[in-house]
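What follows is a pair of complexes built around subunit A, which joins subunit B in one and subunit C in the other.
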Partner chain A sequence: MENVLDVQNLSIEFPTETGVVRAVKNVSFQIKKGESLGIVGESGSGKSTVAFGLFNSVPDPGRISSGSVRFLDGRNFLKVNTEERRRFYWEHISMVFQASQNTLNPLLRIRRQVDDIAEAHQFNKKKLRQKAQSLFEMMYLDTDRVMNAYPHELSGGMKQRVSIGLALLLDPEIVVLDEPTTALDVISQGSVLKILNGIRKELNISLLFITHDISVISEVVDSVMVMYAGQVIERGPVNQVMSSPTHPYTLGLIRSIPPLVGDVKNTKGISGSAVQLDLLPKGCPFYSRCDMRMTKCSEIPPPWVTLDNNVSVACHLAKNEGGDKNDRTQEHFKTI
Partner chain B sequence: MKWINRIIMAILTVFVVASLTFFLVRLMPGSPVQVMYLELIQKGIPANQAMNQVNIILNVIPNEPLFQQYIHWLGQIIHGDMGQSIQQTGVPVIRLIFNALPWTLITVAIGLLISFFIGVLLGVLSAFVRERWTSSLIDNIGSVAHAIPQFVTAVALLYIFSVLVHWFPSSGAYSIEVFPGFNGPFIMSFLYHMALPVFTYVLTGFGAWTLQMKASTVSVLKEDFMMAARLRGLKQNTIMGYLGSNSILPLFTGLMLSLGAMFGGSVFIEGTYAFPGIGNLLATAINTRDYPVMQGCFILTTATIIFANLIADFAYTKLDPRITD
Partner chain C sequence: MIELKNISKQFDIKGKGHKKKRTFVAVNQVNLTWKRGEFISIVGESGCGKSTLAKIIAGLISPSEGSLLLDEVENKINTQAQRARWAKVVQVVPQDPYASLNPVRKIRSSMGDALLYHKMAKRNELDHKIEEMLDLVGLNSKETLNKYPHQLSGGQRQRLVIARALSLDPDFLIADESVSMMDVSLRVGVLDYFKKIASERELGLLFITHDFRIARYISFDGKIAVMYLGNIVEFGDTQEVLSHPLHPYTQSLISAVPLIAGKERRIEEVIPKSFEVGKVYADRQQCPFADRCPFARTDCYEQKPLLKTYNGNGSSSTHQVACHYAEARELIENV
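Presenting the complex of A and B:
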């Protein structure tokens, strides 16, 4: 199947007073039609920056220093001029933002904001309103009320669903969801995830799901990519990564999920805090916090290793100790 | 219903303020009787004859208790009568105010609108180029213009444009050669005379708008819905519309209050340019302790500010959907 999105060696840097910080380093990934990919990592790992990189719209003063982003049409999107870029947005790639509650203009009714999208992309306003209504209906919203409401008249969960509806309005090939459920309570989280899963299957849309909560995405994505300090450290099919994580960081992330029932004493956080991006060691970025570090880890960058189960990982341990760690996770899951 | 209550409250507020000013102006040292009495004494008229003459000229009851004066005033004001000027004996206060009001209204309105327009433009510009030297230049010009008092700016402009280069007249609202009315020469002369006062209003006014507009625009630019609007591929002018409507909204109350305050004019600016507006009328009334005129001016300014506030509150509910009445 053809790739809807092909990102090669994307690097994004932020100039600061103390020097240039590379927030995203050589990130490459592909998404096929209808496939959905999750990007997981803690705060500051560069997940959202990757998302804005796809739009070639990194917040100031950041800049994309290298790499290419190609959608279905095969052009490098980073080289496309502003007007073409504007037309490309939302028709081919759309986004559900981290704080979706605040992404609607507070002074305009929802229908006006739908009209604005129609006008910008030269769609028939009436048809697009009908489309929006059917999308809102899919998301169990009272369509007439929502269309005539101002954003402040809707609840957080409703606004979130409105944002998702708006993201699907122009039938994009790919939707980026940046922490779409983080600001919601557990019940709304559940319903939003269910809606997303349904829509994905029904409309055959590719999703790029960005989250810090690895437990959230396992049921929504096909494959997962774990980021640490701006680099991808592990990627593979989601069930493989979840059941037998190879990288110590991924293992730590999974172990930090509190169990649904029983004691939380088996839940373990990752020691230390996220590294400062300008103080990275020469070798593995996770070196300072890793329980299983070896001397060579601080000096030699770990090579990419592809394992039998289609998981690729950047860790010196990957070849020889993979099986051992596997057992440890199994133990953890038993306790959950 | 709620608005009817608000209007009644506003009228009551005006009444209370008017009553307070009634007593306050009479607490000032000196009185119109004293002013005139001393004048007559200086002309060599004997003391008790002078007192009689003052009472006849001013048509007041000598040494009437303050409270009775107040009751008397209440009776007048309920009939909409603001009394008569003491110094320009017999001329109704209303007429003095209506003679002065048009000059003030036109100059202040023009000055206010120009300074609001310039301020908003500069504020948006400064917000867009923030963190560059142009932005801090605009901000500093705004702060300085706002910080220099009106009478300093007025005197400086008067000195430069009227004394040094003789570009503009130094006083009055129109030339004595034209006949007031709706005719070309008069309007041209009026525009020519009001140039300096308007310029002073603009110079002292735009700074505050600039700073407010910049702060407001910067915070709206950081809003998530602006980023969202861009990534939705909305047209540039739609996005600018989002930015403009959201960032100008907080300035609206300020503008309405300034529009209310414009009925008072500026004592300093009108005084400096000898401009026959409300500010000048008030200043003269204070100097000669002309109580009815002072009170008339105070009631006018209080009422307009309170009602401008009321209108601003009402208009807000129409402009911002988040605010309901």
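Presenting the complex of A and C:
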């Protein structure tokens, strides 16, 4: 199957007073048509910066220092001129932000914002309004009310669903969602996740779901990529990664979610505070917070290993034998 | 022991043009007993009155009706002196550790204010007292005292805010969504910290959250109260509420929590008819959840169910629910 998105060796850096900070380091990934990917990491791990990189709109003073981003048409998107890029947005790739209340124009009714999109992309306004109505219906929204409402008349969850509906308006192949549920209540979050799961199956759209909460993604993505300090440290099918995480950081992320059933004894946060990109050791970036660290971890960067269960991981402890690896995690679960 | 007896709080909504003047009930006839050393979580969506209830208990707003008892003595909080006295009994840890420390003041001065106001420290011993407080929450006092809030991480700020609340040596602590602004990986650390401090000092801890995972973790051996539109709709031991939720609202909240693949599995799902929080005004006599309830029958719109002990299928006698047709459902199981 063809790739809707192919990112190769993307690096993004921010010059600061004390030196250049590399927020994203050699990140590569592909998304196939209809397939969804989740990017997980704490604040400061570079996950949102990757998303800005895809749109070639890294906030100043950041810059993309190397790499390529290719969509379906195969051109390097980072070399495309501004005018063409503008057309590309929304028609091929669109984005839903965390604070959706800030992305809707507070002075315009929702239907006017639909018209705006039609105008900017030279689509028929009437047809697009009809399309918006059917999309809003899919989002469990009261279509007539929403179309005529100003953003402040809608609740946070409704605004987020409107934003998702608008993002789908021009049939993009891929939708980037940056923490789409973080600001929402449990039931609104549940509804958004349900909707996303529905659209990716019904409309065959690829999602790139960015979140710090690994528990929200298992139902909406096919594979997951865990980032730490701007680097990908583990990648694989979501079920594999969730049920038997290999990297101690991934394990830490999963272990810090309190369970709804059973014992809470195994629940444990990750020690230390979020990454400081200017104070990284030569070796593994997770060294200082890892509770399974060894001497060589601080000196030698861990190699990228692909395991039998299709999971790739950057850790000295990972071995290319499925059995061995499973024993280790199991044992680790027991010792805590 | 703090007791709430039929506590209500109403807000008048002004009429405008053709709109009638109405009364909005934020907290409705709440009864709650909270002992020293007891952990209670209050769960509900935004707009369910959980923060209003917390403010009433903290003495920050006064209830429209009902009474607040401390060790079986009625406690009025009307004057500044009464409020100051109450502050030594109940303290609040606010939601946002970024907004609750003054950005232009050093930690030293932010932390010392409460002690000075309540005359719990003289100026010459203030530094010593603050250092003690910081050591207690595991922060390096020498380094931290002369810093500004922006020089500290979110977790450190959260601990400072907890230390400040504890500096008055209260018996009860209210935490209002205290970890919802933090990264998931750091939340458990702060929750453990709350648990440790509260058990060591035998504090009553009231934890307000919208997340059942957090509620279950913090009050694992305590109680959970589920609130909807100002009413407590379900109350009981944490384990009991989680394993056999009775109220359709509790069931919808638990059903909406995303599960961890490979660890948890859904047995049954309860989906509310609407994803939006409803509104109930004082002039309506119906179950507050009826408009969204997938199981609502005609009586639900005619008569408001009261919070009663549930005795079906051998459930413990402390499990209470406000539903005409309460039915225990098992929603999630271990894989």
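Definition applied: the second predicted complex is superposed on the first by the 314 of 336 C-alpha atoms of A that agree within 3 Å, B and C clash if a C-alpha of one lies under 4 Å from a C-alpha of the other, contacts with A are read in each partner's own complex, and residues count from 1 in each chain.
Assume a contact is a pair of C-beta atoms (placed from the backbone, for glycine too) under 8 Å apart; a residue touches a chain by one contact, two chains touch by 3 or more.
The shown structure was predicted, so the numbers you read here are calculated from the model rather than taken from an experiment.
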{"item": "Combined model on subunit A: subunit C and subunit B, fit or clash", "value": "fit"}
{"item": "Touching partner for A:K125 - first (subunit B), second (subunit C), both, neither", "value": "neither"}
{"item": "Spatial angle subunit C-subunit A-subunit B, Cα centroids [nearest 10 degrees]", "value": "70"}
{"item": "First (subunit B), second (subunit C), both or neither touched by A:R111", "value": "neither"}
{"item": "Partner chain in contact with A:R75 - subunit B first, subunit C second, else both or neither", "value": "neither"}
{"item": "Which partner, subunit B or subunit C, touches more subunit A residues", "value": "C"}
{"item": "CA minimum distance (subunit B, subunit C), superposed complexes, angstrom", "value": "8"}
{"item": "Residues of subunit A that touch subunit C when the two form their complex", "value": "42-43, 140, 155, 157-158, 185-191, 193, 212-219, 238-239, 242-244, 252-254, 256-262, 264, 267-271, 273-274"}
{"item": "For the subunit B and subunit A complex, residues of the former touching the latter", "value": "223-225, 227-235, 238, 242, 245-246, 249, 320-322"}
{"item": "Residues of subunit C defined as touching subunit A within the complex", "value": "45-46, 153-156, 183-189, 191-192, 210-214, 216-217, 220, 242-243, 252-264, 272, 275-277, 332-334"}
{"item": "Footprint of subunit B on subunit A - complex, ascending", "value": "55, 57, 59, 86-91, 94-95, 97-99, 102-107, 109, 116-117, 119-121, 150, 152, 166"}
